[in-house]
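Presented sequentially are two complexes of chain A, the first with chain B as partner and the second with chain C.
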Partner chain A sequence: MRKSVSTAVLLATLGFGIAGLGGGTGTFTARAQQKPETAEVKIDNFSFGPSELMVPVGTTITWTNRDDIPHTVVSTDKLFKSKVLDTDEKFSFTFSKAGSYPYFCSIHPKMTGKVVAQ
Partner chain B sequence: MSDKKRDELLNDHNHDGIDRRGFLKCMAWAGTGALCVMQGGVLKSYSLSRMPELGPTAAGELSFVQISDSHMGFNKAANPDVVGTLKAAVDKINGLAMPPEFMLHTGDISHLSKPEEFDTVDQILKSASAKDVFFVPGEHDLLNDDGKQYLERYGKGAKGAGWYSFDKKGVHFIGLVNVMNLKAGGLGTLGHEQLEWMEDDVKHLKHSTPIVVFAHIPLWSVYPEWGWGTEDSAQALAYLKKFGSVTVLNGHIHQTMQKVEGNVTFHTAASTAFPQPAPGKADSPGPMKVPAEQLKSVLGITDVNYVQGQHALAVVDSSLA
Partner chain C sequence: MSVNPFDARTVLLAKHAQHVVLIHFPIALFTAAVAFDYFAQWAKSRTLAAAAYFNLLLAAVSTVPVVATGLAAWQWALEGQKLKGILLMHLVLGCLSSALIWFVLWIHLRIRRHPDESLPKYRLPIEAVAVLLVGLTGHLGGFLSGVNGPG
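And then the complex of A and B:
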């Protein structure tokens, strides 16, 4: 089993980066103070884990492919679509509106998952 | 295997490997090396070691080779040297007693659709004795650009996403694409446009014309739980019902498997890159690691031989070992 530390670190850095980019403007600072939520989905053995994930609106989800085979993360409603993810590559998407977001791997369509943002 | 009674391992080398209902499912696992010949509706099976006994059967009017799933660019533990094993496949082809006239590549040429991956495969295949290669794409060949690059490289003159047909010595070949526009939760798919084209393509052919269909994902339901099947393949096969001899050649599952159903012989080829587990025998269909010294025994090529008047194509799998 690989550790997920790297992902957590990356996400933390990412959040920090966004706050930094704001350069003190009110909006960005306010958002940074809300501590942007993050969550992870791991791709192992041709499946998304967890396959269903409920998150608060505004959460950024990062998918990490841990298989020896490339996968994609593609919204069934075409809202988001990753590039092909080779081993250990990541894809992130921020769910800024409430809703149910089914997705799948367009290379191996038997692999399906869902994000519910609320 | 959920339905063992109806599935037979193809290890009966007594020339009578067929059940009484005229319906036979046989599976030849990678590396076993088997030859199936159907003559006048009777299927006969031989082991590769008996090839010399076959005499005239082995000398047909048309001989070609199928290779599949080269996955150029793959570099994980299951095979860190896919260049080496593809070269070994070409050596095997060049060593065949009867030089093939051409090759079919049933997809997953590349691992990640990178230009350099396609370039490498093209370069290696140039050293094969057979100069013409007919391709169909695998899902790994259409990544990131919906197959634009694939069409530019391999699909000149093809229809739609890259389907086409051609004739060689009285045999009609149909290359199909079942890896485009895959739907969530679904299997391989041919789609309405391609099916219509296919119906029209075979309409004018005589019933006695031997048909070879080749596509990446199996056109029979090998193991839907792993996506090993094609949703609308029944429609495609319905167009082929009138023909006496239909051979379907697929890849995708990285192991040899065969089934005969009525007039249709289904066959999947081994990969030249890495093996995958037998259906349901692992948590996922991902690359299967075998000891390095065994790798070449589970990779391979498929040699296909057509003898006019025999209503059958002989399909021979040989491992790279």
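And then the complex of A and C:
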């Protein structure tokens, strides 16, 4: 009787342990999948850097204006459009669909860039 | 960005070319007008005064398309969003400069209707201030467009 109780306790402990380990692994995997991807584009000296960026779908890109001049970030396809960004101001957009997204500065249309989400 | 030659917006406002090109006319004409007016005052020359007047007249007229294209660029390229910083200063100084150019023209026009009267001397400091404002507006515009900037 005593032996069977001990065996039951041992099995229960093992069961909880495995369940806990499994749950832990599952949580870790879920967190790794849900962790949002981010990338940065700096606006400096009348250019976007990097001018072309390849990112996984779901990535949030943040543009930061490091220039002394105001700039904008405007998608050629009108998918996104920032307000006028003064020095050190930021604009973010999440690319939830795969595709190629060219953009430009509407104040200085010669300034162009591209995001490729895949 | 591709340029579509059949798209009116692109043709009229591609890279804000019209505003950037047209702005040189009032700057040059008004500066020349003021220079002629100062020389006319100094030399008491009616010929130089006439040259000043016609330069001033053309300068004032040329502010109309400049202001129009500037406002159009604001409305179309920036969708009329609230301006701040250098853009706001450029807009305000541009409007002030244009108003001063028209005010100086009005002073000259008023006297031309009465040939027996001479131009008031107080116009000279007003013209000097207007030249400074025009220069500052142009400098900010050049800074915005990248001509005067680090690039």
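Just so we're on the same page, the second predicted complex is superposed on the first by the 85 of 118 C-alpha atoms of A that agree within 3 Å, B and C clash if a C-alpha of one lies under 4 Å from a C-alpha of the other, contacts with A are read in each partner's own complex, and residues count from 1 in each chain.
Here, contacts are C-beta pairs under 8 Å (C-beta built on N, C-alpha and C of every residue); 3 or more make two chains touch, one makes a residue touch a chain.
From a predicted model like this one, the values you see are computed outputs, not experimental measurements.
> Clash or fit: chain B against chain C, after overlaying the two structures on chain A?
By the criteria stated at the top, chain C and chain B clash after superposition.
> Contact-wise, after the overlay, does A:Lys97 reach chain B, chain C, both or neither (first, second, both, neither)?
The answer is neither, since A:Lys97 touches no partner chain.
> Which partner does A:Asp86 contact after superposing on A: first (chain B), second (chain C), both, neither?
both
> Starting from the residues of chain A touching chain B, keep only those that also touch chain C in the other complex, and list them.
45-47, 68-70, 72, 76, 83-84, 86, 102, 104, 106-110, 112.
> Which bits of chain C are touching chain A when the two form their complex?
The touching residues are 1, 14-15, 77-79, 81, 83-87, 143-146, 149-151.
> So in the complex, which bits of chain B are touching chain A?
76-78, 111-113, 139-140, 143-144, 182-187, 225-227, 283-287
> Taking the complex as given, what residues does chain A use to touch chain C?
45-47, 68-70, 72, 76, 81, 83-84, 86, 102, 104, 106-110, 112
> Would you pull the chain A residues touching chain B in the complex into a rising list?
Counting only chain A, the residues touching chain B are 45-47, 67-70, 72, 76, 83-84, 86-87, 102-104, 106-110, 112.
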